[in-house]
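One chain, chain A, appears in both complexes that follow, with chain B as partner in the first and chain C in the second.
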Partner chain A sequence: MKKVLTLILAVLVAASVFAGGGQQASGQQELIINSYMSDQAPKEAFEALVADFESKNPTIKVTVNTTAHEQFKTLLPNWLTSRQAPDVVTWFAGYRMQAFAQRGQLEPISRAFPGNTFQDSFPEAFVRASSFNNEIYFLPQSWYWWAVYYNTEVFDNLGLEIPKTWDDFLAVSEVMKQNGIAPIAIGARDTWTAGGWFDYLNSAINGMDFHVQLTSGQVPYTDPRVQKTFETFADLQTRGYIMPNATSYSWQEAATLLFNGQAGMYLMGQFIKDVAPAEVRDKIDFFHFPSFGLPGYAVDTPIDGFMVPANARNKDAAMKFMAYLATPEAQALFTVPLGRLAANKNVPPPNDDARRGLEMVLGAEGAMQFYDRDAPEEMAARGMDALLEAMQNPGRIPQILATLDQDRVRIHRD
Partner chain B sequence: MSMTTAKPIVRSAPDMRKQKALLKGAFYVGGTLLVLIWLIPVVIAVFTAGKSMAELMSSPFMWTPPRQWTLENFRSAWTNAGMARYMMNSFIITIPSVLGTLAISSLGAYALAFYQFKLNRAILIVFVSGMLIPFQMLMIPVFRFSDAMGLMNTYRGVTLFHVAFQLGFCVYFLRNFMRTLPFSLIEATRMDGASEFTIYLRIIMPLAIPSIAALGVLQFTWIWNDLLWSIVLLNANRVMTITQGLANMQGQFITNYAIIAAGSILAALPPLVVFLFFQRFFISGLTVGAEKG
Partner chain C sequence: MKTGTPKHTWNHQTLAPWFFLAIPLLMYMTWVIVPIIQSMFFSLTDRDSILFQRQFVGLGNFIRLATDPTFHLALQNNLFWMISFVLVPIPVGLAIAMFFNQDYPGARWFKTAFFIPMTLSYAVIGTIWAWIYQPDFGALNTLLRSVGLDTLARQWLGDRRYMTGALIVVGIWRQVPYVMILYVAGLKNVPSELIEASMIDWASWWQRFTNVVLPMLRPATVVAVTISIIDSLRAFDIIYVMTNTKARAAEVLASYMYSSAFTFQDYGYGSAIAVIQFLITLGFILIYVNNTLKSEEKL
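Up next is the complex of A and B:
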């Protein structure tokens, strides 16, 4: 009996070690894509896209591996240096992509676009965000906008108008507060929700150029202009306009308050509509971030797309996929079901919301990628923490900014 | 969870009996309360799993039972989110890992417990100190090593690392248990001419079954619940484990709590079944060997 048991044990161990499957035959035409699209809707849209690509390229078999977003961000540097790197990976345009290109871990994708086809397909700002040292490393696919989302029912019931200036915004907030509605929802347990506030406040108060200089590390955070941004945000809390216990809500939990009408406004990305239950979706609308009197305005428009690792094993198939992804048909196939905007300028906006979003973006003097994509990720993480700390301790803003600037000096030196 | 072994001792004094009854009553009330408190998160998870996403998003009260029970989330977790595949993978990785760890560590423990050799203590200390190294420190070396050896995205890669990393604790645990066995058992068998392997297999192992079973349950739970090594070593959906599957249900922006709750309940079932199966060994096995170092 014991002997039999031991024998089974030994066989099982041996079997798992030596025969344990999982090694695949690396056929010439297998295309491996590692994706962070773990949300249900984007995942399904991407599956449809891949199926369409496969039907057009019958010799290529595509394998999509999905990894949760946060883990994906941590693991990608490992994968890029791996000898068994994936052939295509999802990623963000701008600084986050350029950091990898600088280390030589990416394959230029220009050869998938003979002549000027890349430049003809995408707006100039996107081409710039996709390039490093005059080489194209990134294929922009979709993008979305950040704006102030609001509950139209709350606005109608209180007879409020959409605020155009910051003073209007404060006045609207005051009315809501008097009526027992939290003016501003923010799920600050996800610190990135503060990143939107940082981008919009800083660019609206100090201008787009200053914001770009700040996020690229050229201006100290101790600059009085930055202090103004932080104080303005902390002021919202002092006035009691920010929902109570904001730091204990995730962004999605805070969105529930907006949907219920317990909160009035929420600075958020377009994806907030994806979580709205069907019966309230039409009650949620957006307006552009209020003005501080500057002539132009900037918008947060993160661009998502794809890149090819330098260690990719099947670069030919990867290039075919890149060329396919850039076509208006492929871009529409992904963005239309999601209500996002396609990067390719020949794709019309999929619905009315998107049309208004596009208008807002086209009217802007400049587009930001979002704090944690314009600045090194660690810097952005510190900055967003600092903003939330300032919200809770308005009196300590100078000290908070001094610490933050030490981080800037250290992070940008590396 | 609750066990009562104390038999009431018959005493003649009636107030003594009254006091006993009172204590017993308090014990049951207290115990029940504790169990209920511990069950709250589980109940909330079950409620959440039974709700539709729309109901979840429109009502902030997660502790209320669903207005309308739905099994849709379980179905969705099992098929759409691919839990079926992930669970299979978890079994393929966990079972050989547990068996491998137990087989190798019991051999090591046998040697460390009964052989007198110069570096005995030193080797034991190596095993124990291995337990103290935080695994996160080893992530990059492990990744580089597996990448170079072609162990990425293979079941055997993860299994080997699980076995290696669990050895420290298991050897230490089993060695301490084996030290409590009388050495004369071994001397007598040796005298009768048994080979060392026979002694290990026929004398020591049968005696060690309670602690091996307890250890097996512990190991099963730990390895089943492991996320770190799966994340580091597996990035193809084909081989991913159930913990990764659960993590993948969290989107970049949108988290479907209902499906995650359903998936978590499914993922928690196998360790639960294993525990119930080996429960009788568990309590007795864990404390054996605890008192001798």
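Up next is the complex of A and C:
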């Protein structure tokens, strides 16, 4: 008898699973979103957003599949080629989006924006970063800035001023070093932390135009100007300004040193505030990367958002979701709790930090997306590894750059 | 009248084994043989052409391997892994097995204790050892500092010079008990009459070891050496867990194949690396299988 009951139960469970996958209740549509927002704060903000969308579109049932960031990057190319692609995926603007658009794997989202609503909602630079061959493939949602985050308590205790120039920066570092505080925190076990240094040093030393040419593969890495960038970074290590054992720490572990005052400064994205404990959050402030004497400056401002795969099964619902995501209300719902900037220009900055971040960006001569979004991913990965190798072996910089340039020639060959 | 050998006929006797083998063989073909052939085919294609339109580049990927410094580094590191896996775990495992082969109180307990690393997954081992190697508060550097050897404290996983060595130590730590178990089993098969005979002949301990025990352990040694070599070529989990495979200094064939194919979507190049690794491993597997078949024939 027991066996019969188990069997019946098993059949019922199986049947309900099949029913769920196949037939929908009349008029019900399913929207499948694959998301990389696995950190607690963004995940919660996104859940609230999805709930709001569902309440406004009762006929659409949203399923969110969350995958950890690094795994997501590996899986996305497979999802996009699969015949059972998700309807919406999270992703990055610029090069990273274009890589898929040029292979025809993305659905243009223009039809969700009749007339000029897209162009009216977003700044021109964002429209450009969302387009490929005059078609819009990317919905920008939030963006943030990279800057030198610093511990205000450390600066106050040592009577330090915010450094404006590179010489000031070195002087400030020297004082911290003399006082037993690691001037520069960097969690270089995560090699991407070196990407921020590469972007800011290279654009500050050699100018924004040169940086754009380099990341788009037009200039060899053996150029003496690139060597200057690498040498300047390695010099920080030689002077003993970079925290000890930096390559053994993850980015969050290194942030802890900044939070508790063992380190003074950390070149990082605004998301460093996501991991700061509430009691130290107000002690952490940021300033713009110091100048090497060039008139303008560039900032790292990665844009995050969404795309619709060409193989999506429910494109109608996906387009509704795109139109919804672009609205100022939906953008605020996500960005305000996280203190980021909304891509929609009609959403005011959520707090004072964001207002200052926005000012810094508006005053810049150009915006970078971040090394691994401005350059092909493999090129950036090799470049960031090379920068860290240069830090540990300053004497080998010419050889390191020669190898890196071989990679550039191969990766950018078409 | 018919003469000569009887004609081969299909009957129950000859059909039955094929009947039982059919399903496993089919699965083996589908999941092992076909993918291997597919990878060989992919290794001749360009970049991400598996996902998009296929473009043959002939031996292009292999030509690139010949001049790729990262590939050379991976080969060199793999060789380092292989040599260490033969030179260290084999003698150490044998020594521990010999030691515990004697009867004394607690021998069984010690044997179990030594075997424990084997029961842990590489992911767990990698995580634990990453803590041990942590430069500021990890167990290893703390130990070195407490005995006054501060100058020896290093960034074991952060410094390119020590990375591979530090990872190999972890691999060896896991490999020793495996070899030990192989030898413990091997020692059980050494006939006690031989040992007693050598004692009657007044052979010294060393003579007994080199002339009686070691030759009797030959089959166990062959297994231990080939398995260790194959394991060293498989090294991936520890490297992946402990270095994120981001730092190229510790790259081996398996990790380079993984990052080429799955992180950078260069499936053609990743497949080419896989083919090379397959050929190297196949060589050792053939030696191993050949040897096992021979010893089975002897029985």
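Just so it is clear, the second predicted complex is superposed on the first by the 385 of 414 C-alpha atoms of A that agree within 3 Å, B and C clash if a C-alpha of one lies under 4 Å from a C-alpha of the other, contacts with A are read in each partner's own complex, and residues count from 1 in each chain.
Definition applied: contacts are C-beta pairs under 8 Å (C-beta built on N, C-alpha and C of every residue); 3 or more make two chains touch, one makes a residue touch a chain.
These figures come from a predicted structure and were not determined experimentally.
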Q: Quick one: classify A:M37 as touching chain B (first), chain C (second), both or neither.
A: first
Q.
Quick one: is A:T229 in contact with chain B, with chain C, with both, or with neither? Answer first, second, both or neither.
A. neither
Q.
Just to be sure I read the superposition right, which of the two partners does A:N65 touch: chain B = first, chain C = second, or both, or neither?
A. first
Q | Superposition-derived comparison: chain B or chain C, residues of chain A touched | A | B
Q: Once the structures are superposed on A, label A:R103 by its partner contacts, choosing first (chain B), second (chain C), both or neither.
A: second
Q: Applying the touch criterion given at the start, work out whether A:Q141 contacts chain B, chain C, both or neither, answering first, second, both or neither.
A: neither
(Q) I'd like to know which partner A:Q331 touches here: chain B for first, chain C for second, both or neither. (A) neither
Q. Taking the superposition as given, does A:T191 touch the first partner, chain B, the second, chain C, both, or neither?
A. second
(Q) On the A-aligned overlay, A:S248 touches which partner chain: chain B = first, chain C = second, or both, or neither? (A) second
Q.
Does any part of chain A touch chain B in one structure and chain C in the other, and if so which residues?
A. 78
Q. Which residues of chain A touch chain B in the complex?
A. 2-3, 6, 9-10, 12-13, 15-18, 20-23, 32, 34, 36-42, 63-71, 75, 78-79, 82-84, 86, 250-253, 255-257, 259-260, 269, 271, 274-280
Q) Which residues of chain A touch chain C in the complex? A) 73-74, 77-78, 81, 103, 188-191, 244-248, 377-378, 381-382, 385, 388-389, 392-393, 403, 410
Q) If you look only at chain B, which of its residues touch chain A in the complex? A) 53-54, 57-58, 60, 80, 92, 95-97, 99-100, 102-103, 140, 143, 147-148, 150, 152-157, 159-160, 201-202, 205-206, 231-232, 235-239, 244, 247-256
Q. Touching chain A in the complex: which residues of chain C?
A. 48, 51-52, 64, 69, 133-136, 155, 157-160, 244, 246-249, 262-266
